[in-house]
Amino acid sequence: MAKFEPSEAVLSGETADVYFARTVEILGKERLNPVATMEVFSSRVGIICGIEEVKALLAKVLPEANREVWALGEGETMDRKEVVLRITAPYQSYGLYETAICGILTHCSGWATAARECVDAAAGIPVTSFGARHVHPSVAGVMDYSAIIGGCQGCSSIAGARLGGVEPSGTMPHALIIVMGDTVKATLALDKHMPPGVPRVSLVDTFKDEAEESLLVAQALGDRLNSVRLDTPKERGQVTPDLVKEVRARLDLAGFNQVKIFVSGGVDVERIKQFLEAGAPVDGFGIGSYITGAKPIDFTADLHEIEGKPIAKRGRIPGITPNPRLKRVL
Amino acid sequence: MAKFEPSEAVLSGETADVYFARTVEILGKERLNPVATMEVFSSRVGIICGIEEVKALLAKVLPEANREVWALGEGETMDRKEVVLRITAPYQSYGLYETAICGILTHCSGWATAARECVDAAAGIPVTSFGARHVHPSVAGVMDYSAIIGGCQGCSSIAGARLGGVEPSGTMPHALIIVMGDTVKATLALDKHMPPGVPRVSLVDTFKDEAEESLLVAQALGDRLNSVRLDTPKERGQVTPDLVKEVRARLDLAGFNQVKIFVSGGVDVERIKQFLEAGAPVDGFGIGSYITGAKPIDFTADLHEIEGKPIAKRGRIPGITPNPRLKRVL
Amino acid sequence: MAKFEPSEAVLSGETADVYFARTVEILGKERLNPVATMEVFSSRVGIICGIEEVKALLAKVLPEANREVWALGEGETMDRKEVVLRITAPYQSYGLYETAICGILTHCSGWATAARECVDAAAGIPVTSFGARHVHPSVAGVMDYSAIIGGCQGCSSIAGARLGGVEPSGTMPHALIIVMGDTVKATLALDKHMPPGVPRVSLVDTFKDEAEESLLVAQALGDRLNSVRLDTPKERGQVTPDLVKEVRARLDLAGFNQVKIFVSGGVDVERIKQFLEAGAPVDGFGIGSYITGAKPIDFTADLHEIEGKPIAKRGRIPGITPNPRLKRVL
Amino acid sequence: MAKFEPSEAVLSGETADVYFARTVEILGKERLNPVATMEVFSSRVGIICGIEEVKALLAKVLPEANREVWALGEGETMDRKEVVLRITAPYQSYGLYETAICGILTHCSGWATAARECVDAAAGIPVTSFGARHVHPSVAGVMDYSAIIGGCQGCSSIAGARLGGVEPSGTMPHALIIVMGDTVKATLALDKHMPPGVPRVSLVDTFKDEAEESLLVAQALGDRLNSVRLDTPKERGQVTPDLVKEVRARLDLAGFNQVKIFVSGGVDVERIKQFLEAGAPVDGFGIGSYITGAKPIDFTADLHEIEGKPIAKRGRIPGITPNPRLKRVL
Amino acid sequence: MAKFEPSEAVLSGETADVYFARTVEILGKERLNPVATMEVFSSRVGIICGIEEVKALLAKVLPEANREVWALGEGETMDRKEVVLRITAPYQSYGLYETAICGILTHCSGWATAARECVDAAAGIPVTSFGARHVHPSVAGVMDYSAIIGGCQGCSSIAGARLGGVEPSGTMPHALIIVMGDTVKATLALDKHMPPGVPRVSLVDTFKDEAEESLLVAQALGDRLNSVRLDTPKERGQVTPDLVKEVRARLDLAGFNQVKIFVSGGVDVERIKQFLEAGAPVDGFGIGSYITGAKPIDFTADLHEIEGKPIAKRGRIPGITPNPRLKRVL
Amino acid sequence: MAKFEPSEAVLSGETADVYFARTVEILGKERLNPVATMEVFSSRVGIICGIEEVKALLAKVLPEANREVWALGEGETMDRKEVVLRITAPYQSYGLYETAICGILTHCSGWATAARECVDAAAGIPVTSFGARHVHPSVAGVMDYSAIIGGCQGCSSIAGARLGGVEPSGTMPHALIIVMGDTVKATLALDKHMPPGVPRVSLVDTFKDEAEESLLVAQALGDRLNSVRLDTPKERGQVTPDLVKEVRARLDLAGFNQVKIFVSGGVDVERIKQFLEAGAPVDGFGIGSYITGAKPIDFTADLHEIEGKPIAKRGRIPGITPNPRLKRVL
């Protein structure tokens, strides 16, 4: 599975801090290329993500004959200050990529960790990553991939779904309803044109009261309606646990017990807990900026051995840091 | 200046939420392609960034004969809920790109705004973006570009510097010193091999006390030494205002008044203020995770007119939202 | 204007603390009935209310030939610990009523003070007291009267309106709409059966989205519609400033600029300020439990002179407490 | 036991919100009088009180042949949002009384709940309601009644005691002592003139130190002295646990072990706990404004069925809300 | 004025840190006795005190021919990190006394600074130091001296008064009253036996209510009574502003306008402000543990020059620290 | 063991509050010298210290034939308000010493209690009192003695060590290193001139990085080096747990496992806990201002019996306060 392919920009050092390019140049001119051991550790507790992408990069640049790479597994939990990656190889072969290695782990682990918090809070209710619109498109795919590593059941971006090995999921945007002028009409059009595999999910807060609109689309589609999605904007008080209960009760009263309720719109760990504590019958959560806006988890890389001899800068312990959880990956 | 070139992944809809792809497909089958006006507004106060990249995308996809795009200028301040972008064109030409448009603005504006806070706090002392190692390499360039839009004088990544139209800047990593085994030796090597245009900046906290090391490199390079960089790790108490004062005093006492002091390592707005309030003679700050870890600024896109008729979903005001600050860009 | 008529229960001492009844009995048996001066002071800053009712009681029980009563005026502001009432008369004539006098001032001043806070926050937008349902019916009238003294323009209870000298105001309850099954139908019935003086105000959150319902009743009644009342329950996120703006915009877009917007449902000083700060075009506020649930302002009564000689319990200053703001009222 | 008799003002609708009067009028003209089910629920956890008074009202107004009323029992605990009362009857027979029903429950439950908190904190030490002076005399009786429902052993108002079925209790006011000029003299006069059933309780903080005055009245009355009441004002530091201990010790040292100590003056739950934690030998607490100033507990009434068909406004679940704790009362 | 005489324990090094004794011994054996400059700086803002005592010590130990001492003046304000003392002399002559020098300044400046805060808060009302009972008797004198340097008008210890050049002041202890069994009797005995110069101040909270006791002693001594002292213990709620007002009013009412009111018992800056804000007519404050329990102000001593050459440990700036406020004192 | 000898200043009453001198004079003139019982109690929980010094004073001044003194033992824990000392003797024999008795206990108990907190936090790691420089030299000895009573294993002042029955301990001051110009040189000089019993402890933060300097002195002294002391100043970030770990690791790596690490510089309970929680291998802590700056624990003395008859001022319980923990000491 060659999921991650290092880009030309990374391989060329284009995305690196310039001083690594200079370092490699200086060492080359000094003819210094010792075997060096670099360790990378995490700044806080979380879920490690990005290891697969880093591995793909290292597999490409390290000399096969003279390399050893140890790492935690993708998606494992990691402790504060725990070493998650250890590379032993001639320094010139990988020195240029310190920036990229740290950056991949930093962004991906931040997203995966936030996703895991939502998944844990949801206690079994499926969580879908809906945040592609809140990150630069160049990382929309890896963000959604990281969310899936963190435990999300699905994601909305096509790129992320492919990296994560799932079908992309989503309902319909408000735009479709506004262009068609009516929620029922838009839902019927979706039902008509989409292949059977795509679940019929109707977004029910565009023009009318959510409970009213839920009943209207349920009456229009009957058994074919899979779910309604509640996405009430902040200007209208967001989706509340009581709204979910009421829509559930009104759907049931009208005999639509099979229609599920999917909740989105500013959902975060705190609100997931409120829905659960209030006993609101939610069938799925869509999470956006809680994951995309999560604080990245910074990683730090340090040299700990040069030609087998312990060394380190001030503030670090010279020599290999023992970590029995690491597995050899290259 | 064709700085920003939309990637194939964006143009193909690969990075989009899948429901936009479906929407465009449904509308196509329904033969609906009305001229629609979409407005994009910010969730909080900040510096708008990403407009140039969005413009490059729209220029490529909108029909030249039937389009109108209005926007704030790159780097301008924006208010909470202010409309920063308005697109009027046949909906099918741009509906697929709502995800990318919001994502570009969200990430870039978050970084630019955080950079601006540092620059404002630094009150004239140059600020350099050093955070490439804290973001995924796919966005290292746009992150550094955004920091420059926010007011940073330079950045460390080669990609960011090219987008921002500056020279990449940086000193040397701890790795160079550790590989060479000695700070003075590493600094002399840098001096020997780098072209004259690269400023001689020595990192002085690797093996010895910062003040001692500063004097040693100053004595070794003499007039050629441009600056020392203090980057004391947290384990050793980080760089303090008093350390800067002391290094300055000891350099001056030894006659090295021309050597500048550059400070990095966990620097944020709070600490910049502490340095300034304490009167520490800092000549430059390097900022990493304060910018890269800044909360993205979410943007929301809504349709407000269809074929010239006001419309909107619940929670929004139908019709064009007046904003005299917008300029026509396409 | 004999607005306040002391009830038999008060006059008989039925509502008094039993120890005052006993005190009057003991003093009678001891043949002690000195002229005594009692002062009543407030426990905190506020609006004095209840003075008129106390005056009506004292006018009935004090001997006309041997009495002197000084007081602040109904609705005046009072300071913490300020003396608001001073009675000089034979002690047996009024000793029994200390409980009632303090109680009237305590409850009424608490309500009036809370009302004033709302009125001040509303900065000119009319405020109506809607809290009769949150107090025991025996005090519904005086509560609404106190709210009017505090600055409310109207109130919903018939009893309160009569004491306050205004017309009772109100729209329609949800019950009418539910019994009739439809908001438009209920509004038309009200229009048909109520005399012309009663303003046509329609409650628009019962069955449909508030904005939708507003347009429906406006279309049904045309020029005769005076206002819509928004009363969204907490379960649906309460009325937000953005909802008011949106309903205003949609009404205006449809040409119903004359229809006013009245806001109720958990409104308090904090929320009034939020509406004003957000620039929401509210035409009237209905306040319930902020006024009715206001902390009563306790009053304390003390004897300060007996037969013209200064005396006081520990913790009080013997003799008359000077207060030039007092006016003689009996 | 016909304790509660609806007043004319309530029966006539005088104390109601005017819009209920109008609703009944409109429905009459429309000849609409469906059997409707109204449910009343509490806004927070507490002790339900006022049910007896509501029952007396409904017994008078509902048609005997066509009514069903279910309720919690007076003094029971109730949960947040729990339905405490359900009325099924022709709407016109009770629509006018929604204001009064909610108001009675609101005020009485607030008082009863606060009383219960004090009683719980006092852990067996008797608590007496002393707050008649802090409420309007029109509700002094029901306030004290509610306090007794909440667990108070007695109350000071004659009206409250009658409703609660107890003897009114109280000691003597400062006024008696001031008029008589001496605490011992006043206590002797009370002893002389009051029937034997009235306990001899002396208030001992008027002119002299509390400990000194306690000994003086104990020496004057000997075995006949039941208790001393400490009521030190805030200006003198209120009653402290240490003062109680000291008075107890000095009384015991002088052989007056039988004299009890009763504490009043700004006593609340917090201070009751402090007395108990400090081990102060208090024999009774008198509570005033903690009960009278308690936040009322708002109640909400909603129609849930019309002619047996589930219905409800937005934010409510249509149909009967199951609550097995309700008992049929009419 | 030879007020401060260094004790034998200090001169012998008995009170010093043992490592200074060792240092002097080592340097002696190494025959190293360079002229060294030591600077002493303060850890926070305050009032410098102890300089006179330090000067007396240095005058005794430094060689007259080869010494230079610069210092701030006793009682001056000092800034955080300000150099308050600079000694230049052969190191062996004073090295042993670093402990004593820092210790004297630390304790005395802490007390003087706290006293100054009280004096500033009292805004002209005289403040007396009453804290001798809260410090070890070996420093009772210097503590009271420091309080006087900080602005206190007097103190209670005989030793402190002599150092501060004032008469010791004080009233009478509770012990005198308890031994004599009566406040009036004790006050009359004091009046009888004390010389005329000692002001007649009576402590009026021992056996009876403060206001009552004040009147009793005023009646007993008439014009000879200078003041009453209120010292109500915490168990009785401490002295409150209202108590002072009441005692003043009762004394005035009885014609004793000349009797002053002196307040003590747990008085601190916060409470002084409360008395002043409440307008309580206090004529003097007695301060105990606010001064004695004040955090000492640590001082740090560092060598900055050896034989005229700048030097310093890490964390300090080598060479003389300029401070134009210093005056030469030896 | 005649450790504590009352000074002439204490015996003469020089350090007493002047009003006790006056009281004794008045009582003498009145020929009143009853046997009186005085009790002393603590204002808060802590470790009692100073009892031995008080006992030495009382042994000298109380008449042997007519005295009884009960007390807690030196170093025992005491409760808030617990009686720690009870004296029964003719009042004139000890009245003058109330000030000194309270003062001794106050200061000493404050220091001992703070020391105990450090010792408890250190959980077995030895703690040394290093604060002589932060107290007036007149109490440097008793402060260090109190710290030892509180559990410190040693102290730096010679006077304190003698009172506490231990050897004074300490390393070397920065001054020695600065005068000698080099840490290694200074350590070698100490090694050469000090007797074998003095442990070789080198202070390693003066001129170079702590880790570097540690290795240099270890290499110079070899097996003779007992410990290094880390005392990094605040200007350089203080000693951190990570620094200790790193120095330990670097010493071990170089084979100096026997060298201990001693930490000082602003160490308090909070920081001790941080070192322990972080697992930093500290071998000893030196505590300065946490002990010396500890809030003194005020003590209060009251007469409770005169000639065997219970008596007390207001706020106190007359008669002996039972305390079975007291032991007869005189």
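For reference, chains read A, B, C, D, E and F in written order, and residue numbers begin at 1 within each chain.
Methods note: a contact is a pair of C-beta atoms (placed from the backbone, for glycine too) under 8 Å apart; a residue touches a chain by one contact, two chains touch by 3 or more.
Just so you know, these numbers come straight off a predicted model, no measurement behind them.
Minimum number of contact steps separating chain C from chain F: 2.
Of all chains in the assembly, those touching chain C and also chain E are B, D. Which listed pair repeats C-E comes down to matching contact pairs by residue number; over half match for A-D among A-D, C-D or A-B. Chain A and chain E carry the same sequence, and matching their CA atoms takes a turn of 180 degrees, rounded to a multiple of 5. When every chain is reduced to the mean of its CA atoms, the largest separation from chain C belongs to F.
Between C-D and A-F, more C-beta contact pairs are found at C-D. Chain B and chain F have CA centres that are 56 Å apart.
A separation of 64 Å divides the Cα centre of chain B from that of chain D.
Shared interface positions of chain B, i.e. residues touching 2 or more other chains, are given as 207-209, 232, 234-236, 242, 246, 314-316. Under the stated contact rule, the graph of chain-to-chain touches falls outside the line, ring, star and complete shapes. Every pair of chains that touch is listed here: A-B, A-C, A-D, A-F, B-C, B-E, B-F, C-D, C-E, D-E, D-F, E-F. Taken in their complex, chain A has these residues touching chain C: 207-209, 212, 232, 234-238, 240, 242-243, 246. Those residues of chain F whose C-beta lies close enough to touch chain A in the complex are 209, 211, 242, 245-246, 249-250, 253. Of all the residues in chain B, the ones that touch chain A in their complex are 7, 9-10, 13-23, 25-27, 29-30, 32, 34, 36, 38, 91, 95, 98-100, 102-104, 106-108, 130, 132-142, 156-159, 161, 168-181, 189-190, 192-194, 198, 205-208, 232-236, 288-289, 292-293, 295-296, 298, 302-303, 306, 311-316.
Of all the residues in chain B, the ones that touch chain C in their complex are 310, 314-319.
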